[in-house]
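Down below are the structures I want you to see.
Each of the next two complexes has subunit A plus one other chain: subunit B in the first, subunit C in the second.
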Partner chain A sequence: MSQAFDKLLDARGLNCPMPLVNARKEIGKLDLGQVLKVVATDRGSVADFQGWAKVAKNMELVAQETESAEGANLYVHYVKRTA
Partner chain B sequence: MAERPNDEIWSPEDLLGRLERRDKFFVLDVRNRDEFERFRLEGRSPLPAVNVPYFEMLELGGKEEMLDSVIAYIERDLADQLPPGVKILSVCAKGDTSEYVAEALRRLSYPCANLQGGMKAWGNYYATRALAKEPDLAIYQVSRPARGCLSYMVASAGKAIVIDPLRHLHPYLDLAKRIGVTIEAVIDTHGHADHISGGVALAAKAGAPYYLHPYDAIHPIDVLPATIPYEFMRDGQMFPVGRYALKAIHVPGHTLGLVAFQLDGRFIFTGDSIFIRSIARPDLGGKAETWAPLHRTSLERLLGLPGEITVLPGHFSSLDEADEKGRFAAPLEDLKRKNEGLLALQRETEEGFVGYLLESLPKIVPEYVNIKRVNAGLLAPAEEDAAALELGKNVCALSQAYVASGGGRQ
Partner chain C sequence: MDASAEAKLVIDPARVQALEDKLRDLEKRLGNVEGQAPEDRVALVVFSGDLDRVLAAFVIATGAAAMGQQVSMFFTFWGLSVLKKDTQFSGKTLPQRMMALMAPGSSQQLPVSQMNFFGAGAKMLRSMMKAKNVNSLEEMISLARELGVRMIACEMSRDVMGIKESELVPGLECGGVASFLADSLKSRTSLFI
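And now, the complex of A and B:
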């Protein structure tokens, strides 16, 4: 069921804007077509990654999931480099 | 983070003071557009504001680093929209991202400040104002200014009753400690739809009974009974507090179990019936046509109270409804001349007034059904879900009076 990915970015415990800022830097290091999995604890990252995907020209938001781990929610984003 | 002069970091308390004084400033809100639309900063008069999500600045600024990107974006795409010489308040959800934006503004020599803790802290900020301080009676209004929610502590001879406590308990516990009173009873005027009540939790903490009218212990949409512990409240019931007593007046309309409280012939806690500028909506139970005539009968009952009685409402929709000391309170006779809903009540026939009510209904907020479930104990959200349910200003008043000021979530 889990989405395939090529690289993992652990953004747990980071506040806005760092999950998105760090993901943007990591995207630049991927090859075209590769997928970055971002794991965050910041709930706001869900809407922010969606908004970012609308303006960014080199990436696509492939999937988003919410997982429950030890009572806290994890917000997982899969981002593919497209250009 | 480096030390900043005080006027470059505004706490929620600073912000409230500036809004009340009508200080001039410009809001740069960097949250995503949905959040901005749902919950924005509002003052006594409309605040000039622009919304550019931080991720758009970051992406369109085109630089590797956040700060460099934001600087590039502001210089190229935003400078035209920023008024020269006016302080810019940088705002985001939690106050961290807006600090990057404030730093970018500083580097570009704009006068600016960051809202500490962001809209989350502003939404959770409580202000406590004394309404009466007499030798054996004190009344405090405890508000959440961002949400337009009002609650009260009535204290006499070392005892206190709390009316409509909001979700966070510290304002009431701190106040009780500060003025040296024991909370003897906690009362909700009705089952709230717009915010999560702190009633049950505060009563448990204080070891006091929690009162609710039984009609509001049934969820109106689900038609399911509440699972919370509560004591029945009835019309005419007296609630002693020190040397005084509150008298319950059942005024159904906004909900079936809405109760107002009269204190000493001088004060009337109206809950969601009469507000300062408007009156409550009758449609949150999904039965607007059936409840509107009840609402009218209840409002007429309240209108029969002495004109000099001070109305203490459950909500405001604009900070501009406050007096010069930031208190939301007014004599009933003033409201008969100024309150849009009460003017309509006095002007219209029964049929005409019901028509007025039904034509003035604001948009239904989808979260309100779940908030009522939470308040009845039918749903128990985690903290962050509870906060998300409550986001934004209440929409409990008729819309008419606020159309001109742009208030409300229309």
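And now, the complex of A and C:
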């Protein structure tokens, strides 16, 4: 099942903490309830987004999935703006 | 209504008063506890002027800011080198001039904490980071500013080392131990790097 989203953020090739930082910037541009899809190659981003969701008051981590593309893993995060 | 039901409705003013007092006392104590609860803050002391340590400090700072924390970084002693934009010699004492000559003139010149080999190690680390597409220290610093990270230059160590305010990048706050503690006491995390 593929998750619906309103905006896509390409964070491929970026390292810690950039996927998080860029996602934070992008989510501020969304309307309440909209979902940002973040595609990253940084494996650490999986735990980072979970950590962010634990402390953040303005977002919710809707889903995470791992895709395989051209031999490399893509880590996909769906982040919803809640406040 | 029979006698026993009527008896239950009798209100003892002394007990009501005691309960009200207790409630007031609890409200006051709750207020105190709430006042002391940590806020969404992170306070970092950047004491080191080593490229690798400073990088770690900025990764934490930008990451925390992105997670919605208010971040303060206090730069003291060797950490002040990170904030230098140029080196001046006029109006300094001899030891201060020697210090200015030997200390890094900007974030670009910071050494690494291990295997520096007169700067070769730092150059190598920078190029290895670039190869892995990790942001450079200078990019991290401007990112931190963009994310609203507060940067405070320690007044005392700046004065001791003879670093003039005009040698530092603009947009810094200056402060002492109390301004760090005021933030750190309200923070969930305080680190000394």
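The working rule: the second predicted complex is superposed on the first by the 83 of 83 C-alpha atoms of A that agree within 3 Å, B and C clash if a C-alpha of one lies under 4 Å from a C-alpha of the other, contacts with A are read in each partner's own complex, and residues count from 1 in each chain.
Going forward, a contact is a pair of C-beta atoms (placed from the backbone, for glycine too) under 8 Å apart; a residue touches a chain by one contact, two chains touch by 3 or more.
For clarity, every value in this text was computed on a predicted model and none was experimentally measured.
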item: Touched partner set for A:V21, first subunit B, second subunit C, both or neither; value: both
item: Which superposed partner A:V55 touches (first subunit B, second subunit C, both, neither); value: both
item: Touched partner set for A:R43, first subunit B, second subunit C, both or neither; value: first
item: A:G13 touches, of subunit B and subunit C: first, second, both or neither?; value: second
item: Which superposed partner A:N73 touches (first subunit B, second subunit C, both, neither); value: first
item: Subunit B and subunit C contact sites that coincide on subunit A, given as residue numbers; value: 15-17, 20-21, 24, 48, 51-52, 55-56
item: Residues of subunit C defined as touching subunit A within the complex; value: 40, 59, 62-63, 65-69, 132-135, 143, 147
item: Residues of subunit A defined as touching subunit C within the complex; value: 13-18, 20-21, 23-24, 48, 51-52, 55-58
item: Contact set on subunit B toward subunit A in their complex; value: 32-35, 53-56, 58-60, 64, 66, 92-94, 96-97, 100, 384, 388
item: Footprint of subunit B on subunit A - complex, ascending; value: 15-17, 20-21, 24-25, 28, 43-44, 47-48, 50-52, 55-56, 73
